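Each of the next two complexes has chain A plus one more chain, namely chain B in the first and chain C in the second.
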Partner chain A sequence: MDRNQTHRNRRRIYKALHFFGLFLIMEVICIPGLWIVLNSFRPTVEIMAKPPVWNPTFTLDHYRAMFGGAGEGGVPVFLYFRNSLIVSVTSTAIAILIGMGGGYAFARYRFAFKNSYFVGLMLFRAVPGVALSLPLFIVFARVGLIDTHFGLILVYVAMNVPFTIWLTDGFFRQIPKELHEAAEIDGCTRWQAFWRVEFPVARSGVASAAIFAFLTSWNEFALASQLTRSVGSKTMPVGLLDFTAEFTINWGGMCALAVLMILPALILTFIVQKHLIAGLTFGGVKG
Partner chain B sequence: MTEVTLSNVVKRYGKQQAVHGIDLDIQDGEFLVLVGPSGCGKSTTLRMIAGLEDISDGEISIGNRVVNDLPPRERNISMVFQNYALYPHMTVRENLGFTLQIAKQPEAQITRAVNEAAGILGLDELMDRKPAELSGGQRQRVAMGRAIVRQPDVFLFDEPLSNLDAKLRTQMRVEIKKLHQRVGNTIIYVTHDQVEAMTLADRIVLMRDGHIVQVGTPLELFNTPVNTFAATFIGSPPMNLADGVVSDAGTIVLRDSLTIPVPKSARAHVKPGQKVQLGFRADNLMPVGHAVEEKGELVDLELTVALTEPLGTETLLFADLAGLEVQAKMLNPRPVQPGEKLAFHLMLDKTHVFDAASGVALRG
Partner chain C sequence: MRRRIPEWFVLLLPAFIVIAAVVLIPLIFSLYSSFTPYKLTRPSTLWRWIGTANYEKILTDVKFWSAFGRTILFLTIALNVELLLGLLIALMVNKVTWGQRTLRTILMFPMMFSPILVGFQFKFIFNDNIGLVNNALQSLGVSNAALPWLVDGNLAMFSIIFAEVWMSTSVFAILILAGLFAIPQDPLEAAKVDGCTPWQTFRHITLPFLMPFIFIAMTIRSLDVARAYDIVQIMTGGGPAGRTELLWTLMSRTGYVDARMGLANAMGYVSILLSIAFTVYFFKKLSAARAELGMGG
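Presenting the complex of A and B:
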């Protein structure tokens, strides 16, 4: 009886410590984001105040200014948003199509130098994107792709395809090949068997790959800052730079734009989080 | 009418040959079982018939139509897989109707066919469940239902019962046989379990290392195995094999100078000095007074029992025959103590002689 009690107490203490540790880690992750959101609603004086003002005033000035005219600290938010959306959605769609094809091929088919290809793709992932910015800039400048949506899309597709292949390969590998064979016997062509059977089963995997690819493109700054020039192609992360002047940084405005940038990504993640978390449910084969 | 014909069918993987030129004629409506140990090429053969594997050489035809270059969907076959391969994202109803949906059949007809198959297999209660919510036996039944709905020329089964527990397996075995009696289609069935082969088959094809060892009805394989492999693979317990040498006097001398006359059927095919193996089933070595029937030539033996396995209606005896452990069957069993000496009768007419070197049966 007594020993059971001590055992139970110890378990409770461990559990409390566990939660405390998790809490600390969540703090580290969440506070900067929260800070951005809070700052976007505070007057600049309060943001810069030292010692900090603990009792914040609420204001929408930064948002008003951001959507205002060019003279009043406004930035072309809608254009940036449009650019970001076009570039991210298109590049994600293309990367998923190519990556899914690749992942499927790696999972299902045998071909010469398969492993070398795969290692090559992973090595390509290991190269930091910025290291490519200068060569990319030179090539794009020659070809005339600087400051175009197409140029950025091309770069992001190249960045995302290896990762997508790696991720979807894993998901397709988990699907027993008998499902495909059964579909073929049931009257499907290979193409139908893929779209009617294997794709729906791997859907959650493809969804996670898509969200990763989308976020990568949506948040990418280093290459976009080199390859875009005008409002015609600048994406939101690059747009943040509009708030830096030679001697000053408009922190409030920057935070306001950052909030607008975070929102869509956050909403999208919420929508697909079911897929991100849900493991593949296999009932069609012996479980 | 759907005959399936394999002529000189070969499967190579690179330099390795998995199937060595198989010839087989399967009659319309026949239940044919391909049986053999793992790696014998039986599944590969089935998959070639299904079109899931390329044929390296030879010709396969289904219903007088050469199908070598036809994709699976044009061969009009159905297949039941070992792991069932149900579509996990579809309900039972959708799983069953999938093939007709792909074929763009009218909705009403799909519903009718699906309901009919569900009725045959007792799936009515389960129609709106996903495969994950079904037990192993139910999944197996859905897989069979999916095969029926297609109304194929030929059913292919690839070890469909291997993932079920023993009791369910016996039950499903009966259902498969009933299904065959009901639909009457040609069935090609792959298994490594000789009991399944014996109980289900009209004809058994016994395979080893990519070759056909023997083709015949279950009883033909049981009663007249062509070699020691067939003798030990088919039947449970496996046939007893005792090494011996043919003497000048027309007997086989086993170890410890134990002599047994050469069975009539083999007399013309052995010569003195030949090394042979004497084969007999447990059913044909019985304690005196405990056999089904004792007729024909009998050999009296006195053997020491080392171990007994009571099975109810019969007891399996592990006895010592000239230093070799052999199995005997005791009907109407009485308790036997290990170490007990019993008088046995060996039924010589049902005893086989195999050449020791090649394993080939010597009989007329």
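Presenting the complex of A and C:
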């Protein structure tokens, strides 16, 4: 009887601890992001107030200034957004096409030094962006690719291809060979067999690879900050720096742009959430 | 008869071409320029061969070695904390029966943040004058004076590691959670029947099974350890007085601010070797762990 009681008590304590711990962790994950969102709606006076003001007032000033154009100390947000969108979407599409071909080759064909090729490709992905930006800056300046969409797209394609190959390779390997053999016996060409039979099965892998490619290019800073110069090609992460002056930072405006930057990523990720986890684990573990 | 080009080669060719054009050629160029005293302001210096002088200069430079050591320290602490926290979070979320999907969604939240945004966000939150942390501490009466989070060397290092951990823990948590879902239930039940303590079950059944997932997470992480550059560059820029200077910030300062490209490229090569070492190490671990579970192929 007594032992039962202590046992039950201990369980209750464990449960409380578990709940409390989870709560704490979720707080730590959420609060920084929410703080940014909250502050994008607060007037600058209140953000800078000392002692701090804890009950926030609501204002759309920062958004108005941001969308108002460059005249009022705003930032050409639409241009940055457009640049980011063009660069990310195009580079993702190309990287997926190229990477899918590569992934298919690794999954379906046997050839000499296959593993070395594979690891070699991954190593190219591992080259730090800063280290790559130094020579790329010089080479691109010579070729005239600095400050163009095309240059940035090219870089992001090269960055995303290895990881796409890794993920899609894992997915194509899951599909039994018999599937496309059967399709070929039924009169499909290899190409048709791929598009009609194998691609639909591997779709969730491709979707997750696409999300990762998109997020990488949408969020990349180290290379973009050196390879873009003017509003014609600056992406949003680089545009974020526009809010910093020599000694002061326009925190409210920065928060507003940050919200704008995170929204597309957020929406996109939630849409394909399920594929994301499946893509990572299948591609990695079984591949 | 004409020999046909193998199909796998045709399929891989675009990938090879793009990577050769954007990564390989610049890297060869930077390897060459790391043997010259190349300065952006004086282009003619590109043609003067000075052998390994840049590397000698780096290897005898105290500033470089302290940045190198700090980078290793930073990565060791960050990766270990991320792994442990990720494991803890995954185990906790796995135990939840109600609202698990929501928790998983929240977990994904930091993955969408751009590293530079994370940098800004924590620069804001750790700001000594108007930051959330100091405001909260002062309003709660924990401390009277403003803590100089980004100005004091040790505190700045802590803030940077905190930002890095905040950003990257979720990758570990999500992958390990996926591993926990995939664990077969039979051995766990058998262990329970045989009277294993929860710790023994975890140590001898759960953990070995999770190993491949942990190594995947590590491998994915090791592919872009240099992401931390964005965070550090924004939060402290390597300051105060070089107390948070990492390899990457030192390199970019040498290259872009001092315009000494040759020297910076030599540093770049050290950082590339560092990244490659990390990646190769975890790839080896990953294939070993896979083979152990019979998933190799």
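Following the convention adopted for this analysis, the second predicted complex is superposed on the first by the 250 of 287 C-alpha atoms of A that agree within 3 Å, B and C clash if a C-alpha of one lies under 4 Å from a C-alpha of the other, contacts with A are read in each partner's own complex, and residues count from 1 in each chain.
By our rule, a residue touches a chain if its C-beta (ideal position, glycine included) is under 8 Å from a C-beta of that chain, and two chains touch if they have at least 3 such contacts.
Please read these numbers as outputs of a predicted model, since none were measured by experiment.
A.B. asks: Where does A:Ala16 make contact in the superposed view: on chain B (first), on chain C (second), on both, or on neither?
C.D. replies: Once the two structures are laid over each other on A, A:Ala16 reaches no partner at all.
A.B. asks: For A:Thr189, using the defined touch cut-off, is the partner it touches chain B, chain C, both, or neither? Pick first, second, both or neither.
C.D. replies: Once the two structures are laid over each other on A, A:Thr189 reaches chain B alone.
A.B. asks: Of the two partners chain B and chain C, which one touches more residues belonging to chain A?
C.D. replies: Greater contact footprint in residues on chain A: C.
A.B. asks: State whether A:Val157 touches chain B only (first), chain C only (second), both chains, or neither.
C.D. replies: Only chain C; A:Val157 stays clear of chain B.
A.B. asks: For A:Val45, select first, second, both or neither according to whether it touches chain B, chain C, the two together, or no partner.
C.D. replies: neither
A.B. asks: So in the superposed three-chain picture, is A:Ile271 touching just chain B, just chain C, both, or none of them (first/second/both/neither)?
C.D. replies: It touches nothing on chain B or chain C.
A.B. asks: Which of the two partners, first being chain B and second being chain C, lies in contact with A:Pro200: first, second, both, or neither?
C.D. replies: Touch status of A:Pro200: first partner only.
A.B. asks: On the A-aligned overlay, A:Glu181 touches which partner chain: chain B = first, chain C = second, or both, or neither?
C.D. replies: first
A.B. asks: Just to be sure I read the superposition right, which of the two partners does A:Ala258 touch: chain B = first, chain C = second, or both, or neither?
C.D. replies: In the superposition, A:Ala258 contacts chain C only.
A.B. asks: Which parts of chain A are touched by chain B and by chain C alike?
C.D. replies: Common interface on chain A, chain B vs chain C: 281, 284-287.
A.B. asks: Okay, in this complex, where on chain A does chain B touch?
C.D. replies: Checking each residue of chain A against chain B gives 176, 178-179, 181-189, 192, 196-197, 200-201, 203, 281-287.
A.B. asks: Quick check on the complex: what are the chain B residues that touch chain A?
C.D. replies: So the residues of chain B in touch with chain A come to 50-52, 71-73, 77-79, 81-89, 98-99, 102-103, 130-134, 136, 139, 146, 150, 163.
A.B. asks: Can you tell me which positions in chain C touch chain A when the two form their complex?
C.D. replies: Per the stated touch rule, the residues are 6-9, 11-12, 14-15, 18-19, 21-27, 29-30, 33, 40, 89, 92-93, 95-96, 103-117, 120-125, 129-130, 132, 135, 138-139, 166, 170, 174-175, 178-179, 182, 212-213, 216, 219-220, 222-227, 229-230, 248, 251-252, 255-256, 261, 264-265, 267-269, 271-272, 275-276, 278-280, 283, 286, 290, 295, 297.
A.B. asks: Would you pull the chain A residues touching chain C in the complex into a rising list?
C.D. replies: Listed in rising order, the residues of chain A that touch chain C are 18, 21-22, 25-26, 28-33, 35-36, 39, 47-52, 54, 97-99, 101-102, 104-106, 108-109, 111, 117, 119, 121-136, 138-139, 154-155, 157-158, 161-163, 165, 173, 215, 218-222, 226, 237, 240, 249, 251, 254-255, 258, 261-262, 265-266, 269-270, 273, 276-277, 280-281, 284-287.
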